[in-house]
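Below you'll find a set of structures to go through.
The same chain A turns up in both complexes below, where it pairs with chain B and then with chain C.
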Partner chain A sequence: MAMLDIKNLTLEINTGDSVIKALDKVSLSVNSGEIRALVGESGSGKSLIVSAISGVLPPQWRITADRMSWNGDNLLSMSVSQRREVMRRDIAVVFQNPLGAMDPSAPLGAQLEESIPNEFIRGTWFWQRSQQRRKIAISTMHKVGIKQHKRYIHAFPHQVSADIVQKFMIAMALVSQPKLLIADDPTRGMEPTTKTQVLKLFTRLNQTRALSILFVSHDLLAIASMSHSMTVLYAGQTVESGRMKHLRKRPLHPYTKALLDSAPSFRTNLPPKSSLPTLDGSIPTLQHMPIGCRLGPRCPRAQRACVSTPAVRRIHDHTYSCHFPLHMEKL
Partner chain B sequence: MIRILVRYSVLFVLTLLVLTALSFVLAYLFPGDVLVNLSGITPENEVQRDALVRQYRLDQSYLIQFWHYLQQLMNGNWGYSFTSGLPLREEVGLALPATIEISTYAMLMALFIGLPVGYYAGIRSYSLSDRTINSVSLISYSVPVFWLALVLILFFSLELGVAPLSGRISLMFDIPSVTGFILIDILLSEHIDHGLALRDALHHLLLPTLAIGTITTAAMIRITRRSVIDVLQKPYIAAARARGLSRPQIFVRHVMRNASLPILPLMAIQITTLITNAMIVETLFSWPGIGNWLIQAIYQRDYPALRIGMLAVSTLVISLTILVDMFNRMLDPGRERFERGAI
Partner chain C sequence: MTDIMQVKGLTFKNEKKKHWFAQPEIFQLGPIELNVKRGETIAIIGENRSGKSLLAKLLVGAVEANSGEIVLNNNVYDARFNKKASRNSRTSDIRMIFQHSNESMNPALTVGRILDEPLRLNTGSDEATRKAIISDNLVKVGLLREHYYFYQHMLSDGQQQRVALARSIMLQPKVLVADEPFAALDPTIRSQTVNLILKLQQEMGLAFVFISHNLGIVRHIADKLIVMQDGNIVEAGKTETLFRWPQHEVTKKLILAYQSLVPQQTLR
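Entry: the complex of A and B
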């Protein structure tokens, strides 16, 4: 049963002279205990989905969805305080650009302590409580791999390296012991060793605490090994979604295949004859979206039918949106 | 911290030196006798003139003259006024605090009304109440202070008769000047009815404070509102909301501090406008401040008074600007990265 269940999420941005669909019927679900990868080129709308789930999009943007629920409760129609409660305890978000997501005028330690839910704190007097907050903060810092807690707890975000800020961001997300962690490109710009460390931490938390993770990235290599399932996004549309295993072995959508091919280490897994050159061109801007299948102009398999938007088709738990999918003969 | 202090002190001293040099040069540039412009004393015969020349080192090089001038300023010998014959230091000592006093009250008005209203408008941005506040503050900010003061006089003094037309306090009260702030001096003085005197002084203060305070308050509202709106759009506010913090929590912990930081330097720029406005309004209300005093000096062609008055006002403005900027530097941890200019 899906904890987070999104069906046909559409986001319309009014730019003054026209309304553009930044997200077009995106479907995404995260099951309890799984790591779901959300991949797509940069600019495909991954961060917009994260913001939509977190409920922090500007109020003038129009969000519609057939379903957008957390454990069966509709996120779009619930009251503000209910929604806040979900974000406070159940869902934690690591935003991309960690430096921007930190209050520049507050020490890192104070911001981490602020994220500790009040229920975790016992003690009658305020000094006992603040002592306990400090203790929890320090142990969380150690957990995410910040060893010199004394050096960083009083530092301001701009005084420390990007790696440390990113780790604080992750610590702030984990300290409330969420059920779902949404991590938007959490390893961008990290050194390889730090990156491995963070990925290992996520895998461990997923296995020991049954933490569900929505892992957003454009770095296929990093997530392919740890994710159970994957949703592929192109230009604000979900093009394919299913178990990681199946998608890797037999991608049905030309875009998924091109994406996998662009990561060198996957090529060896594929039969050499069917290998498709990586797509030319680049992702269209929101103002100039092609009609029908948005991949059309870049797609080597495109035919006339592609000017109408392909419907979502389903084979077991594998969904795709393409008129002329690959590998069909083998199914 | 110490480095900041040293840097600002150096800046302060250098600026003052330039200003002092300017006021010294003015003695030569103003029409008339340099000696008279510098000292404010018209010598009656050659003997007295020679004595003054020697006293002011006018027979020596310019550099030594200036050095001597500096020393005299430091020792409190600022020369004499042409017209009254009184020491300028004493006259400035009476006039400057009167200006600082109404400017202070106007600034307090801006702080106590402008800040909360600005915060409110910022949080409720683009709502009806925000639009109303925004329009009213824009209109108040654009009104010329001279005109506003006249309207206030016309309405409150002449029509309604609720506020006196001019002056600082009724002549009934004889308040010796200790601090130069009338309200404090009243409390310090003896043998008067404090309640009555305070009421009278407040009545006199009402209109001039209102006239200059309205404009400063409008500026404060606009600066605060803009600043709050800017902060609310920052990604860290979105991140705080995504952590499930409530609106009041976000406001107190993240919006207020971050919004206040840009307000301080922008208000420092307003200080100059505020003092200028105060000096303009003084002449209308016959408020015995430095603006009024300077106008009188201009009418009388009292060159020594003009020179010293200019120096006093610019020193005041520069000191305040540098002080606020320095505080701001110390308060704002992220400031080092941007390195804004000092003034």
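Entry: the complex of A and C
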């Protein structure tokens, strides 16, 4: 049973003279106890999906979806207070750009303490309660790998390095013991050792507490090491989704293949210094989206039929949308 | 092959006193010895605050070193960088690519003006020849001649990275230094840039010194690897050797962290 279930999510932005479809029929589901990776390049709408789930998009943008539900409750028709309740206790979000997402005028420790739900705190008197808050905050900091808690608990976000702030962001998300963690590029700019540390923490939480994770990133190496299933996004369209194992072994969509090829770590038979296979061109801007399959102009297998949007096809639990997938011979 | 660049005893010392009575915080880099061959790619890895970026800045001369010298093509440059005469040829022999190409370019200038700047300041050539050189280099990095008249905001990330690359090869450098050139790029654009750099290296015989956290790419393109910790080189050697038999603690930690991410089938 899927916890978070999104079907055909479309996001339209009215620019005055035209309507831009920033997300075009995106489908995504996260089962309980699953780590689902959401992969795509910048500008493919990964972060828009995260914002749409957490409900922080500007009200003038039109969101439509066939289905967008959390444990069976429709997120789109919820009242503000209900939605806030879900976001407070069940879903936690680690936003991109931690420095921008933190309050610059409050110390990091205070922000972390603030995000501890009241139910977790026992004690009758205010000093007992504040002591306990501090205790929970420090143990969470240790859990995410901040060892020198004395040094950082009174520091302001601008005083410490970006990866510590990032860890605080993760700590703030985890402290309310959510059921689903949405991590928007949580390991960006981290050095390898810290990155593995954070990824191991996620995997451990997933195994011990059955925490579901929606892992949004374009770091394929990190994704491949931990996630169970993957959804690939290109320019606001879901391109392919399925079990990580299957996708890695046999990608069906040309874009997934290009993405996998671009990471040299996946391939041992690649001679050093050889040129990497890649797609020409770059991601189209929102104002100039190609019609039909949006990969069209960059796709090596594109043909005339690609000007119409391909339907979603399914082989077991592996879905893809392409007219000429890789397992079919070129016509 | 002979060494194109030799760095001897490069040191940098930063003493910062936070308070009157407090012990000054001392960060010392080096002394660093480094030999770079023609057409060679050297990767610098290490943890944060190990002095990787500082080393890159010292090499190009963006930060003044305290002592040491750089031998480039039989010219000896003082790394303290105080002689005006040596400054000019050094700036044209060692060039740098910055991490965020979109933030390192002036948004108010056209691409042509941006690329013209190093030529105008460092060579005495007239406008017509400068323009010819610029359009040559634009084609070399895979852009069009028309991009001369474009502004930065009209270009995509990948194209901006190409412009940054064009700016760094404008003066026919011998050595290219880059501080995390691939970190801010998307996977497909990243492969494009890697391919482009490999191509330029073959064509121009550039030596390429770069800092990266992405060990997959390091393993793919680097010939030699330098591991840094607290301002010192703790291990250096061939990439493949270091990946297979890391000796120093830091190297082991970094390589292990990377190997634990790499899927198991590909290790065999």
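FYI, the second predicted complex is superposed on the first by the 316 of 331 C-alpha atoms of A that agree within 3 Å, B and C clash if a C-alpha of one lies under 4 Å from a C-alpha of the other, contacts with A are read in each partner's own complex, and residues count from 1 in each chain.
Everything that follows uses one rule, which is that a residue touches a chain if its C-beta (ideal position, glycine included) is under 8 Å from a C-beta of that chain, and two chains touch if they have at least 3 such contacts.
Note that the structure is a prediction, hence the values are computed from the model and not measured.
**Student:** Counting only touches as set out at the top, which of chain B and chain C does A:Asp317 meet: first, second, both, neither?
**Tutor:** Neither chain B nor chain C is touched by A:Asp317.
**Student:** Considering only the touch criterion stated at the top, classify A:Asp66 as touching first (chain B), second (chain C), both, or neither.
**Tutor:** In the superposition, A:Asp66 touches no partner, neither chain B nor chain C.
**Student:** Regarding the shared-chain residue A:Met87, is it in contact with chain B (first), chain C (second), both, or neither?
**Tutor:** first
**Student:** Decide which partner touches more residues of chain A, taking chain B and chain C as the two options.
**Tutor:** C
**Student:** Based on the superposed arrangement, let me know which partner A:Ala106 touches: chain B (first), chain C (second), both, or neither?
**Tutor:** first
**Student:** Please indicate which partner A:Leu220 is in contact with in the superposed arrangement: first for chain B, second for chain C, both, or neither.
**Tutor:** second
**Student:** Which chain A residues are contacted by chain C in one complex and by chain B in the other?
**Tutor:** None.
**Student:** Note which residues of chain A are touching chain B in the complex, please.
**Tutor:** 51, 54-56, 84-89, 92-93, 95, 97, 100-106, 114-115, 156, 158-159, 172, 176
**Student:** Which stretch or stretches of chain C touch chain A in the complex?
**Tutor:** So the residues of chain C touching chain A come out as 41, 47-48, 156-159, 183, 186-192, 194-195, 198-199, 213, 215-217, 219-221, 239-240, 253-254, 257-258, 260-263, 266-267.
**Student:** Can you check the complex and tell me which residues of chain B touch chain A?
**Tutor:** For chain B paired with chain A, touching residues are 234-236, 238-246, 253-254, 257-258, 261, 332-334, 337.
**Student:** Under the touch definition given earlier, write down the residues of chain A that touch chain C in their complex.
**Tutor:** Within the complex, chain A touches chain C at residues 41-42, 161, 163, 189-193, 195-196, 199, 218, 220-222, 224-225, 248, 258-259, 261-268, 270, 272-273, 275-279, 282-283, 285.
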